[in-house]
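There are two complexes below, and they share chain A, which is joined by chain B in the first and by chain C in the second.
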Partner chain A sequence: MLDVEAQKPPNGKWWTPPFDPRFPNQNQTRNCYQNFLDYHRCVKTMSRRGKSTQPCEYYFRVYYSLCPISWVNRWNEQIRNGTFAGKI
Partner chain B sequence: MAHPLQLGLQDASSPIMEELLYFHDHALMIVFLISSLVLYTISLMLTTKLMHTSTMNAQMVETMWTILPAVILTSIALPSLRILYMTDEINNPLLTIKAMGHQWYWSYEYTDYTDLNFDSYMTPTLDLKPGELRLLEVDNRTVLPMETPVRMLISSEDVLHSWAVPSLGLKTDAIPGRLNQTTLSATRPGLFYGQCSEICGSNHSFMPIVLELIPLKHFETWSTLTS
Partner chain C sequence: MTHQTHAYHMVNPSPWPLTGALSALLMTSGLTMWFHFNSSTLLILGLLTNSLTMYQWWRDVVRESTFQGHHTAVVQTGLRYGMILFILSEVLFFAGFFWAFYHSSLAPTPNLGGYWPPAGINPLNPMEVPLLNTLVLLASGVSITWAHHSLMEGNRKHSLQALLITISLGIYFTLLQTSEYLEAPFTISDGIYGSTFFVATGFHGLHVMIGSTFLTICLLRQLKFHFTSKHHFGFEAAAWYWHFVDVVWLFLYISIYWWGS
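And then the complex of A and B:
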C-alpha cells in the first residue's frame, strides 16, 4: 500500500478528489468503489508489464479520501482471503 | 443552536440556509395572507342577515379563485426550484470528510492526507461544565475550515441515522452501504450544533453533532497537531 503520509502536500496546497462527472449525484458509493477497483487493476497491470505503479497513486488518493476506512479494511481483508467479489 | 421558546428557524450560517430563510418568510407570508383572507371572508359571511338564494352562476369569482391560486402557487414554486437547483451546483471542495453513524455516536474520518479518525460521543449531563449545553455537547468536536467548500460523505456502520446541522441547512441520511454526499460551506466561524435526525434506537436523541468552524490557517495548525 502506498504511504499516505508521503503524499501530504506542503501547507497551503490542499488536494481533495475533484468533481467526477461520471458520478454527479448525491450517491457517491460507486465513485469510491470504482476508484478502489481502478487502483488495484492499475497496480496489477503495471506490475505485470514491469512498469512503475506511480501513476496509480491518483486512484489510491481518490479512493482513500472517499471510501470509509471500515469499507477499505473489509475489502482488503477479502482480497487477502481471495473472497473479494469485484473483478481485479 | 436553538434557544428556548424559539419560534422560527435558527440563524443562517451558510449561503443556502440564508436563501431558505428568505423562502420560508416568503411562503409563510403567503400562508398568512391566504388565512387572513379566508377568515375575513368567513366573518363577513357570518355577520350579515342578507341572503341570495337564487344564485345561478358566478363567473367572475370563479375565474378569480382559479387564476389567483395558480399565480400564488407559481410564485411559491419558482423560488423553491431556484434553491433546489442551487443545492446541486457543482463546487470544487477543498477538503473531504466522512461522517459515519453508529449506535449511538458519530465518527469522523479525515483521510485526504492523514489517517485521522475519531469518535464523537455526547457529553453526559453530569459531566457538563457550567455554561455548556445539555444533550448537545460532545467530547470531540468536528473541526473544519470556514468559508471553504467541504465535501461531507455520510454513511452508517449499522442502522439508519441522519446527519443534520440546521444552521447550515444540512440534513443528509446515513444509510449503511451507501455514501451520501453533501457540501458544507460556513460563512462565519463558531460552533454549530445538530442532532441525529433518523430514529436509530434507544439513544437516538443522545448523539449530537458539533461543528467547530475556524479560519483556514488555524485549521492547518490543528491538522498538523492532530495528525
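And then the complex of A and C:
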C-alpha cells in the first residue's frame, strides 16, 4: 500500500495537475502535501467502508506529479515507522 | 559668569558609561565562553561589573536629582522622552519574537504535520495557570495606579502599601511562571514550538523581574522620602515600564497561550 510502485495506476495518459485555487502562489509545497494527505485519508476511509479506492487515484496523480520523490519516500518511510507527523 | 544661566543639567564626568561598556564586552564574551567551553568566569565577571555599573550610575542620578536638585522641568521632560523611546525600542524587540511566532504558526510546515500546535506537542491549558498569571498582572496594574494616586495625594501609608502589593504580585507571577517552566511537558528544544514559546515568554519573564526590581527601588526611595507629591518621575517611569510588561503579557497570552493552543 505504501510502496510507490504498487500504487502506480496503469499506463496511459497522465494529465498535469489542474489549477487548485486553494494554492494560487508560487510555493506549491502545501499543494503537494495536502494531496499526499488526502490520498492516504481517502484510501483509509474507503477501505474501512469496504469500497473501491479507485476515486483516490486523483490525489495520487496530483501528489506524484507535484512532490519531490525524496519527500514521498521519506513520508512513506515515516508512515511505516509510525513517525509521520500528519493526521491520516 | 560663575553659574549656568540655563535650566539644563550638564552632568559631571563619570566613569560609569565606560564600566558599562566594558561590562557589556565581558558579558557577551562570557556568554560565548559559557556556551562553547563550559566556563562561567567571564560571564560572572561581566554580570558583576554590570550590576555595579547600574547601581552606581543610578545612585548618582538620585544624588543629582533628589539631593542636588538638578532635575528641572526641562530635564524631566528629556527624561520622559528618553523613557518613552526606550520602552518603544522594547516594543520593537518583542515585535520580532511575535513575528517569528506568527510566521511559523500561521503556515505550519509538513514536518510539523501541517497543523499548529505541531505534532507531539501538548500545549499548556490557557485556562489554568496562564489565566491566573493574567489576572495577577492585571491586578498589579490596578495596584500600581492606586499607588500613583496615593503618591499624588500625599498619602504615604497607602502609596507604600499599594507599591508593596504591586511588587508582591510581580513576585507571585514570577514564581507561578517558574513552576510552569519546570512542569511543562515540552522544552525549548522541542522544535519551533518550543523555541518560539520559551524565547518569547522567557524574555517577558526577564522583563517582569527587571520591572519588579525597578519598583522595589521606588519602594525604598519612597520609604526614604525621596518623592514629593508633584515630583516623582522615577516612580512614573517604573509605572510605565510595569504597564508595558503587563501589555506584552496580554499579547503573549492571547497569541501563544490561547490562539496557539
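Rule of thumb we're sticking to: the second predicted complex is superposed on the first by the 74 of 88 C-alpha atoms of A that agree within 3 Å, B and C clash if a C-alpha of one lies under 4 Å from a C-alpha of the other, contacts with A are read in each partner's own complex, and residues count from 1 in each chain.
The rule is simple: a contact is a pair of C-beta atoms (placed from the backbone, for glycine too) under 8 Å apart; a residue touches a chain by one contact, two chains touch by 3 or more.
Predicted model only: the values in this text are computed from it and were never measured.
*Asks:* Identify the partner contact of A:86: answer first if only chain B is touched, second if only chain C is, both if each is, neither if none is.
*Replies:* second
*Asks:* Taking the superposition as given, does A:29 touch the first partner, chain B, the second, chain C, both, or neither?
*Replies:* It touches chain B and chain C both.
*Asks:* Tell me which partner touches more residues of chain A in the superposed arrangement, chain B or chain C.
*Replies:* Touched residues of chain A are more numerous for B.
*Asks:* Taking the superposition on A as described, I'd like to know which of chain B and chain C A:53 touches: first, second, both or neither.
*Replies:* Neither partner.
*Asks:* Check the residue A:76 against both partner chains and state whether it touches chain B (first), chain C (second), both, or neither.
*Replies:* neither
*Asks:* When the two structures are overlaid on chain A, which partner does A:37 contact: first (chain B), second (chain C), both, or neither?
*Replies:* second
*Asks:* Jot down the residues of chain A that show up as touching in both complexes, chain B in one and chain C in the other.
*Replies:* The overlap between the chain B and chain C interfaces on chain A comprises residues 29.
*Asks:* In their complex, what parts of chain A are in touch with chain C?
*Replies:* Within the complex, chain A contacts chain C at residues 29-30, 33-34, 37, 71, 75, 85-87.
*Asks:* Chain B touches which residues of chain A in the complex?
*Replies:* Touch residues, chain A against chain B: 4-5, 7-9, 11-12, 14-19, 24, 26-29, 31-32, 61, 64-70.
*Asks:* Considering only the defined contacts, which chain B positions touch chain A in the complex?
*Replies:* 90, 92-96, 98, 100, 109, 111-115, 117, 151, 153, 155, 157, 172, 177-182, 220, 224
*Asks:* For the complex, which residues does chain C have touching chain A?
*Replies:* Its residues touching chain A are 107, 109-115, 118-120.
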